[in-house]
Amino acid sequence: MDRIYMDHAATTPLDERVLEDMMPFLKENFGNPSSAHFFGREVRKALEKAREKMASLLGATPEEIYFTSGGTEADNLAIIGSARALRNRGNHIITTSVEHHAVLDTCLALKEEGFEVTVLPVDQYGMVDPNDVREAIQENTILLSVMYANNEVGTIQPVEEIGKIARENNILFHIDAVQSVGNLPVNVEKLSVDLLALSAHKFYGPKGVGLLFIKEGTGINHLTHGGGQERGKRAGTENIPGIIGMAKAMELAYSELEEFVPRMEALRDRLIHGCLEMEEVKLNGHPSQRLPGNVNVSFEYIEGEALLLSLDFKGVAASSGSACSSGSMNPSHVLLAAGMSEQTARGAIRLSLGRHNSMEEVDYVLQVIKESVDKLRSMSSIYQGKGER
Amino acid sequence: MDRIYMDHAATTPLDERVLEDMMPFLKENFGNPSSAHFFGREVRKALEKAREKMASLLGATPEEIYFTSGGTEADNLAIIGSARALRNRGNHIITTSVEHHAVLDTCLALKEEGFEVTVLPVDQYGMVDPNDVREAIQENTILLSVMYANNEVGTIQPVEEIGKIARENNILFHIDAVQSVGNLPVNVEKLSVDLLALSAHKFYGPKGVGLLFIKEGTGINHLTHGGGQERGKRAGTENIPGIIGMAKAMELAYSELEEFVPRMEALRDRLIHGCLEMEEVKLNGHPSQRLPGNVNVSFEYIEGEALLLSLDFKGVAASSGSACSSGSMNPSHVLLAAGMSEQTARGAIRLSLGRHNSMEEVDYVLQVIKESVDKLRSMSSIYQGKGER
Amino acid sequence: MYNEKVMEHFNNPRNAGDMENPDGVGEIGNVRCGDITKVFIKVNEQGIIEDIKFRTFGCGAAIASSSMLTEMVKGKHVDEAVKITDIEVADNLGGLPPQKLHCSNLAADALKAALKDYQDKQK
Amino acid sequence: MYNEKVMEHFNNPRNAGDMENPDGVGEIGNVRCGDITKVFIKVNEQGIIEDIKFRTFGCGAAIASSSMLTEMVKGKHVDEAVKITDIEVADNLGGLPPQKLHCSNLAADALKAALKDYQDKQK
């Protein structure tokens, strides 16, 4: 069997239809959109059309869309930019213990500038309790940042309810929706959100481009200085092919959502059930409120890293959680936040399904997982399984 | 005649050979380099190979290369990152009045954080005097930022000499070399530089990718928080196709430099002389120390914007200076810094030549310029030419 | 950036140039952008503007606005012409980019100055 | 991340498993990464390590290091075996990624514990 990719939460392949739309902008339409001449104007038109397309999919206006180099930059701009802009109103920020580092570390870094940060706990499924949000709000709270769906365990947060609480209390609400487009309906009106971050490569778009939705009337400071692009909010020559590709990828994600979700859920549930049939396995994340393609399971007595290595050797690409470049083997902060022991957290792997995965692949992967788990357990110093001593 | 592009300082078309190298990474090699599995490892290898290639071209080590989303981000990271890191050693920064906004505005923004900024003057050719640099240095000077070549008037600064002064005084030296690769030899050793910023789309590479050279041992603060990519200095999933393309573009820029420079200079000089043959025209920038493809001339009695419009109508794409997205018609800060009157500065246009321009095009453009200038002058309220009243 | 109508007026400006023995001359400079427009008018005994010319140092919008203004004014009575506003000039051009709107002032103001010059001379 | 030799040992670990009636057993846990390695040895009358087995809860590097260690030790005299260092284990594997170097401690330390257990039993 060919190599099987089940790490779509880390990144997705570029959709062929997206690449097709990008090609003219990698060839003849190369102008700088800031140039007043023909070459620039043609590109400016395409850029603004892409912005309109994405705005309308999100339920926003084009003026509310700001392109960035990815989800990380969008998250940073949202959090640092709004916190600094609102500094005179207050200095308290609320976020959760299961955020991606692009949000969590950004909030914590603001402590150095005199901000106070409350990091909300989650339940055993990695879910935030809206009541905890309500209770954490102080007089000086200016910003609340909660992810839509978790990248590691797939848990979908009650963001609509949390958004209402933010609005009632007149607090800016930022959503890291990087894992959501293509998997969930994302509409800024329904979500009562002021700031929302996306990254194209998570939904079959190109790497190196993302966007930040900034609700009209929300003043945020820009973080980089330069040519005044993106109405002064994000300086630097725009990644035009990237933005054009992102628009097409988003269009496809929205139009194919209805077909995609049940198909992923069927694969996901087969994979989850197959894993749970093995011994001493635990499903991480929420049993029902989870991303359609997310499987995250802990196998007791073995380390996830060793299991991944073994799967990789057999042509199966999975992950231990977030694709973090540090190479560190610290157990996932998300699993620890959900109350898991370090040892069990170490036994976690994530399989994230995507457009091209099939039922046959799921069945093959289940077989490979079983073999690998059995082998690793048989040599594990902490396993005392049947038939052993 | 086809449309003629003479705005290569704003952006360049992607070289076909560059696109060819990028294609596999826009298709099958889509993995996230932070992923430990096969798909990730393949991409990681390519990423590190690209880093090695660029490092060796620049005379640096791979560990000294940090990828960013472009020149603006690289400049911001260099300046803000190093200033903050050195805050305990001093709070004085020196830069010049002809820098790109990505440098100038960034330095000035640091005033809000308590930094003191000296903005050096330039001579009538837009050139910085090394003696002025020497004199501006104070006890508390920590950073000096000077561009290699000016994007508007093409003047090449005496960066080697300035670098020596920085080194003698133990001050960090940052060079904005965004306009240099492909036009000038760029070697970090020869330049005695600690920080150096590049942007791929200025040398026939893709938009949305750049790099910052950070000399080993130079501690700079990171500005965005997230997954710890680029050894903690620049968070966010890497723009892999962009980085691969940048490596190829840089390789071509270096290998073709010797052939490219005299060819551009010949075109440039014909264009300059042709313009200077018209009446009341002034060459902006340095007569000899200038980028091989840069032509910047002021036509008295007319506005550059109107002239560009007229050229555009006749299929010739040129620029009034920097491709700044603000749409403002303020006269160029570079020309004003060089001592030009506002009115003459308003009459400036920039023609920046590139790989595909030919002598025929230059001759055609000269003819078009002459016609347009004559026509605009004939209706100018401040022109009293021969044969007029 | 500019619409087709603006570009058409820019490329084929109406009534650009000088006028011998004008009945009124107005010149206005715009401090904001440094543009300068000059308007010359010839008015007949009925007070009808029979001929009008302009010269402009300025951007495309300033030139197109001048051209449009002269077209709007020609054949009008001075009492009507004086009522023409910069907004009407911009509207007749099908709109101007926001940062260029102030350029349409220039032409309208220069016309007013020319009309004042004409009236002063009548006294 | 890992070189081929490491991967080969990981995929085909030598001497993995249990041992009946070992002459020495050592178990070491690494607080830094939570890994635990157990080493069992069988020593003959000449002091030669005739057989060795390991069990490891840990990452690929920990498993490969354990496997390599057992290969290095088998047939050696206890006095020689006790001198084997984590660095030698990593070197014999052709190197480990920097953040994984500490994993090779585990196997070497577990062997030392097993040798101590054997010596204690001899007394």
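In order of appearance the chains are A, B, C and D, and numbering begins at 1 in each one.
The working rule: a contact is a pair of C-beta atoms (placed from the backbone, for glycine too) under 8 Å apart; a residue touches a chain by one contact, two chains touch by 3 or more.
Because the structure is a prediction, the values reported are computed rather than measured.
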| item | value |
| --- | --- |
| Cα-centroid distance, chain A relative to chain C, in whole angstrom | 57 |
| Whole-Å gap between the CA centroids of chain B and chain C | 41 |
| Centroid distance [mean C-alpha coordinates] between chain D and chain C, Å | 93 |
| Residue list for chain D, restricted to those that touch at least two other chains | 1 |
| Numbers and ranges of chain A residues touching at least 2 other chains | 36, 305, 309 |
| Touch-based graph of the chains, sorted into line, ring, star, complete or other | line |
| Interchain pairs in contact, sorted by label | A-B, A-D, B-C |
| In the complex with chain B, residue positions of chain C that touch it | 1-2, 7, 10-11, 13, 16-18, 27, 33-38, 54-60, 62-63, 97, 99 |
| List of chain B residues in touch with chain C within their complex | 301-303, 305-306, 309-310, 313, 327-329, 331, 342-343, 346, 376, 378-383, 388-389 |
| Touch list for chain A against partner chain B, complex | 3, 5, 7, 10-14, 19, 22, 26-28, 30-40, 69-73, 75-76, 100-102, 105-106, 108-109, 199, 201, 206-209, 223-229, 232, 235-242, 305, 308-309, 311-312, 315-320, 322-326 |
